[in-house]
Amino acid sequence: MKRWFFLLVAALGLALSQQPAPLKIGVVVSATGPAASLGIPEKNTFLLLEEEANKRGVAGHRVQFIILDDASDTTQAVRSTRKLIQEDGVLAIIGTTTTPASLGMIDVVAEAKVPMISLAASKAIIAPVDAKRTWVFKTPQTEELMARAIVADMKERGVKSVAYIGFNDAYGEGWWTFFSQEAKEGGINVVASERYARTDTSVTGQILKIIAARPDAVLVGASGTPAVLPQRTLNERGYKGLIYQTHGVANPDFLRVGGKDVEGTLLPAGPILVAEQLPAGFPSKRPSLDYITRYETKFGIGSYSTFGAHAYDAWLILRPALERALKNASPDNLAAFRAALRDELEATKNVVASHGVFSFSKEDHLGLRFQDTAVMVQVQNGRWKLVRTFR
Amino acid sequence: MDWTIFSFLLADGLQNGTIYALLALCLVLVFAVTRVILVPLGELLMFAPLSYALLLQGQFPGTAWLSAAMLVAWALLDRNRLRLALALLLLAGVVLGLAYWGSHGAPGWVAWLLAVLIVLPMGPATYRLFFEPLPHGTVLVYLILAVGLHFVYQGLGLVFFGPEQYRPPALLSGEASLGTVPLPRQVFVVYAFAFLAMLGLYLFFTRSLYGKALRACAVNRLGARISGINPSEAGRVAFLLATAIAAVSGMLIAPLVNAAYFMGFLLGLKGFVAGILGGLISYPMAVGGALVVGLLESYSSFTASAYKEAIVFALLLPVLFWRSLRTLELGGEEE
Amino acid sequence: MRPLLLVLLALLLLAPLFLPPFYITLLNFVAFGSLVALGLYLLTGMAGMTSFGQAAFMGLAAYATALLTTKMGLSPWLTLPIGLLFAGVGALVLGGLTVRLKGHYLPLSTIAWQMALFIVLGSWTALTGGHTGLPDLPAVSIMGFSFRTEDSFYYLSWAFALLAAWGAANLTGSRVGRALRALRGDAVAAASFGVHPPSLKLQVFLLAALLAGLAGWLYAHFLRFVNPSPFGLEASIKYLIMAVVGGIGSIPGVFLGASLITGLEEWLKDILPKVFGRTGNYEVIAYGLVLVVILILAPRGLWPFLERYLPHPTPRRPQGMGLPARQVQGLEVPKGEVILEVERLSKAFGGLLAVCDLSFQLRRGEVLGLIGPNGAGKSTCFNLITGVHAPTKGQVRFKGQAISGLAPFTVHEKGIGRTFQHPHLFPEMTVLENAALGTYARTRAGMLSCLLGTNRREEAAALSEAYRALERVGLAELAHHKAGGLALGQQRLLEIARALASSPEVLLLDEPAAGLRAAEKLELARLIRRLAAEGITVLLVDHDMDLVMGLVDRVVVMHYGEKLAEGTPREVQKNPKVIEAYLGQEVA
């Protein structure tokens, strides 16, 4: 009896050891620190994706996501990236959540020649596509795209002057840069530019200054629940104009904390925010609903976030690229495989994802078409309501 | 800037300043008795309203587990004092029971009290577990220890409550007008509490024998022990008082400013600034310093909001310089 | 210790050959952290000034180099001194304000400008690129070789780190190092033997800032990207943690701390997901707990634990001639002439008149006793003479020159040495180092010379001078013991030795015999007699009448701040007013 047992174990061992090594993908996200509300759903999404991907495997290989938290800090992000490349020998890097940390990572991935898909907002991460950025792609819409959506909406509503109040960090700064540019091109006058910190307990001074300038609309460049504060203060001080937020508030906590104060807010968002309300022909409708269902099954109803969807989109792009690369190259030859993977990523065409349709090219490593990637949403009765698309 | 704006900013500055003042009082209190700069005070401030928010949602707050665990650890450390250990274990059970009751349909005002009671044991337990084992530390070592605790509590805050803010209901809702400026009624409760706390601490520490005994422990630990004062007990009392004030403050201000796991640190830092302006020894001066910081912040947020913090901190320098000149000459300080 | 050091150096040199590349990356970060922590060793560990602002200086230099290399195309080697210049100027401006602050105000002011600088870096978008940062910095290169990989940069950063450590070690065992440690313990005592607190504090502040600036330049060219986040308050706190956890009082300590904290961060990221699963984010909590536990178990840092297991070199007895004879300042006063004169001296503290209209003269070569009941104002008189207080009225003249109101270090430089009623020693330093403090005013080596180690000869002479002073008071066998372990009598002798090492013309002894046993008092009396015979003028305060009367040439009696009587011991003993003051009216 013992003999059979040992033979069985040996056979199993032999069989298992014949399995090809897992495909290692490095992930860096900000699961703690100021960007945690964006990073946690991203991290959760990767856990979900790993589980699912390994049910069927990718071209016969298992997938392993090695996930590191950078605590929203540049130095940590760079260190984590180096670790993933040097210690773990990953095939590609996905991350990170914030713009400055992503920028810091560019040098590392370019030096090591590893493809990277960023989950951060700024255009500077992927443009212009030079010798370094040839290795870098990204999935979230740039502030430029979303700002264009806002300006288009403002023009339609006859807004002539706008005031801006944003976070005193890379997010608020990036939004200011691109929004003020788009507003200028669209002929809208920006009358005030204020800043506040995520941890602030009041923005009375800034709001008073804004109200004194009498703008038709106010744009709040913030993310998460701290974005409620300026809006609430505006209401308390009797501001009657339009209030716009950015897609950084597209999570259920914003509605919960904002309550009546955020009723009527307008914001640009990726289509996934209002997935069920999208018209039938909208490309991202199916992938969005798909993602929402799977995420909520694992993590609870109402728990999905549009930021987690960026992570999902990254996989929707990376997976087929991996499959294509595996046809011609083997992960055992790391350098060659990474280069092949990069080429296949760049060759991505018409991938229908939750935030739009991705088609990369040599000059464009974002590859989103404006019409498919941004919709205008308004908060009505405590819910997100689709008010217009740009198709 | 016209008069209306000026008065709005004044009200805003006073509100923020009062928040800093409450924190400053707690920091001065703890430092005056134990020479510990309680960096995690910000987290203790936020734990109570966050727990309250979870109770109202019918969820069992993680802070109850933390509180109970700390009490159990304390009981283990003092296991040779059987009665104390048993009492602590019992208290741990009570905390869990209160949290259970609060999350299963206790009325709002009861949940309010329960939230404070759940967080309260964390104060003296913090002292007993982390600072009492080190009776002869320097101020710098205590400070780094406190920073370590801040990481722990803030990290736990993220785990228990998630990254977003909560907005618990106010005790007094609606607004009242003071002149042309409408103020939320809740803010008057905050002012009243701050004033009472300041007065109470001032009287306690300068007029009562027990209060003076507590202060003696920080000045000369050996001398205090020889005089029959127990410095360990003094430390626990000071931490308990500070946590109580912080927890109640947090409950009162959260409806005004929202509560999140990350908001405590910067509030504590500004409270620390105010406390230093009072030399870390005087309560009225700490409150005064806090109001100054709050007002400075309010007016610079109007004039140059991107640089608001920079202005406040930069303007601090000449004030520090002036304050420092007024203390004694050469040979004033130990560390 | 030497061979151990060499082994360590060899390991460091060969590390890139046998360690995986990621460890080399980490070692680079350890080097940066060590540089900043080394600055904290000097600033906080030695001079006792806690700073929460070192990351701001890193940021100043990092941004300077980032802007100059990207926008103006300068070479990084050129931007290194410029970056250091920025950090240095920043230090001088801010330090000029900060080092004069006392007690808690000092750390708070470091927090203040740390936060202010961080916000300016982030908000002045036009200049600094704001929070998004400045990308694409060039790599450092020498003659075509580019330090791009972590291996090559490793040698660069550790070369700098070791250089800085060498300089700090030189500084520690030098006169400036001793003076810094004296400043931290006891500014009054330090001033009494010639230390200028404000200028020295500013110098060490500047040095710490330069070290941080160097770390900033290295950081910027390693990452080739700068943004404000590594230069904020959290970063400053982290460097302070590194220094404290490793042991802020020693150079190996801060290197140990930097390695430990850097390694801990990575190790936790590896271990925790395996233990707690990947859905949690517990690294920060674990990090805090580890910190707390380390500090409770090792409040002085981990290095003191390890140090005990290392072999200690046997200290050598200082050889040599000692210092050249001290240049006598001012006139040469012949024996018997007035050398120190107190004229109508008064000092009021608020409403309390401690010294009132006091006048007496001290003649060259004599031993003068100043006696009186407790509270008579004797110590205050000493403080007035040595410049610790300025008189409300009246004058003190030394060799004809008015010295009242001058700073203590200036008074000391003129040739007056003193001891204190309660010994003001530095328990962490050895007996020899304490005595060597007395030579501070007789030596010249500045901060730079001490850093570079060009002061060896002067240092050897100073140490042998101090050793001779120890021999004179009989403490030579204890030369390498820590001063904290001495008995009271020995402490008093050490204070005298320190004063002797300064080769004073006038020696003020404040209750040198208090707490000594009879045999020790006899020794002390003999010592003082020997000193007087060698030409030192002694002004002595004490309560032991037998000692005083048998030792001194003349006596001045004080009572309630005024001079009650003056004369030879015999005259004063018979003076009825004196008897009344000490014993009451009836006995007279």
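When the chains are written out, they are named A, B and C in that same order, and each has its own residue count from 1.
Quick note on the criterion: a residue touches a chain if its C-beta (ideal position, glycine included) is under 8 Å from a C-beta of that chain, and two chains touch if they have at least 3 such contacts.
Values in this document were obtained by computation on a predicted structure and should not be read as measured data.
Enquirer: Can you identify which chains form the pair with the largest number of contacting C-beta pairs?
Expert: So the chains sharing the most C-beta contacts are B-C.
Enquirer: Determine the chain that sits nearest the middle of the structure, using the mean of its CA atoms as its centre.
Expert: Closest chain centre to the overall C-alpha centroid: B.
Enquirer: How many Å are there between the centre of chain B and the centre of chain C, using C-alpha atoms for each centre?
Expert: Spacing between the chain centres: roughly 36 Å.
Enquirer: Report the inter-chain centroid distance for chain A and chain C in whole angstrom, where each centroid is the mean of the CA atoms.
Expert: Between these chains, centre-to-centre, one finds 53 Å.
Enquirer: Can you list the chain B residues in contact with two or more other chains?
Expert: Residue numbers touching two or more other chains: 155, 158, 306, 309.
Enquirer: Indicate the residues of chain A shared as contacts by at least two other chains.
Expert: 32, 36, 40, 168, 195
Enquirer: Residues of chain C that touch two or more other chains: which are they?
Expert: Residues 119, 123, 281, 283-284.
Enquirer: Contact residues on chain A for chain B in the complex?
Expert: 32, 34, 36-37, 40, 165, 168, 194-199, 201-206, 208-209, 212, 224-226, 228-229, 236-237, 251, 253, 257, 259
Enquirer: If you look only at chain B, which of its residues touch chain C in the complex?
Expert: 130, 133-134, 137-138, 140-141, 143-145, 147-156, 158-159, 269, 272-273, 276, 279-280, 306-307, 309-311, 313-314, 316-317, 320-321, 323-324, 327-328, 330-333, 335
Enquirer: Would you tell me which residues of chain C are touching chain A in their complex?
Expert: 20-22, 25-26, 29, 119, 122-123, 125, 130-133, 135-136, 148-150, 223-225, 227, 229-230, 265-266, 269, 273, 278-279, 281, 283-284
Enquirer: In the complex of these two chains, what residues of chain C are touching chain B?
Expert: Chain C reaches chain B through residues 44, 48, 50, 97, 100-105, 108-109, 111-113, 115-117, 119-120, 123, 186-188, 191, 197, 233, 237, 240-241, 244-245, 248, 280-285, 287-292, 295-296, 299-300, 388, 408.
Enquirer: With touch defined as at the start, can you tell me which chain A residues reach chain C in the complex?
Expert: Contact set of chain A toward chain C: 31-32, 36, 40, 43-44, 47, 67-69, 71-76, 78-80, 82-83, 86-87, 99-100, 103-104, 106-107, 111, 122, 124, 132, 168-170, 173-174, 195.
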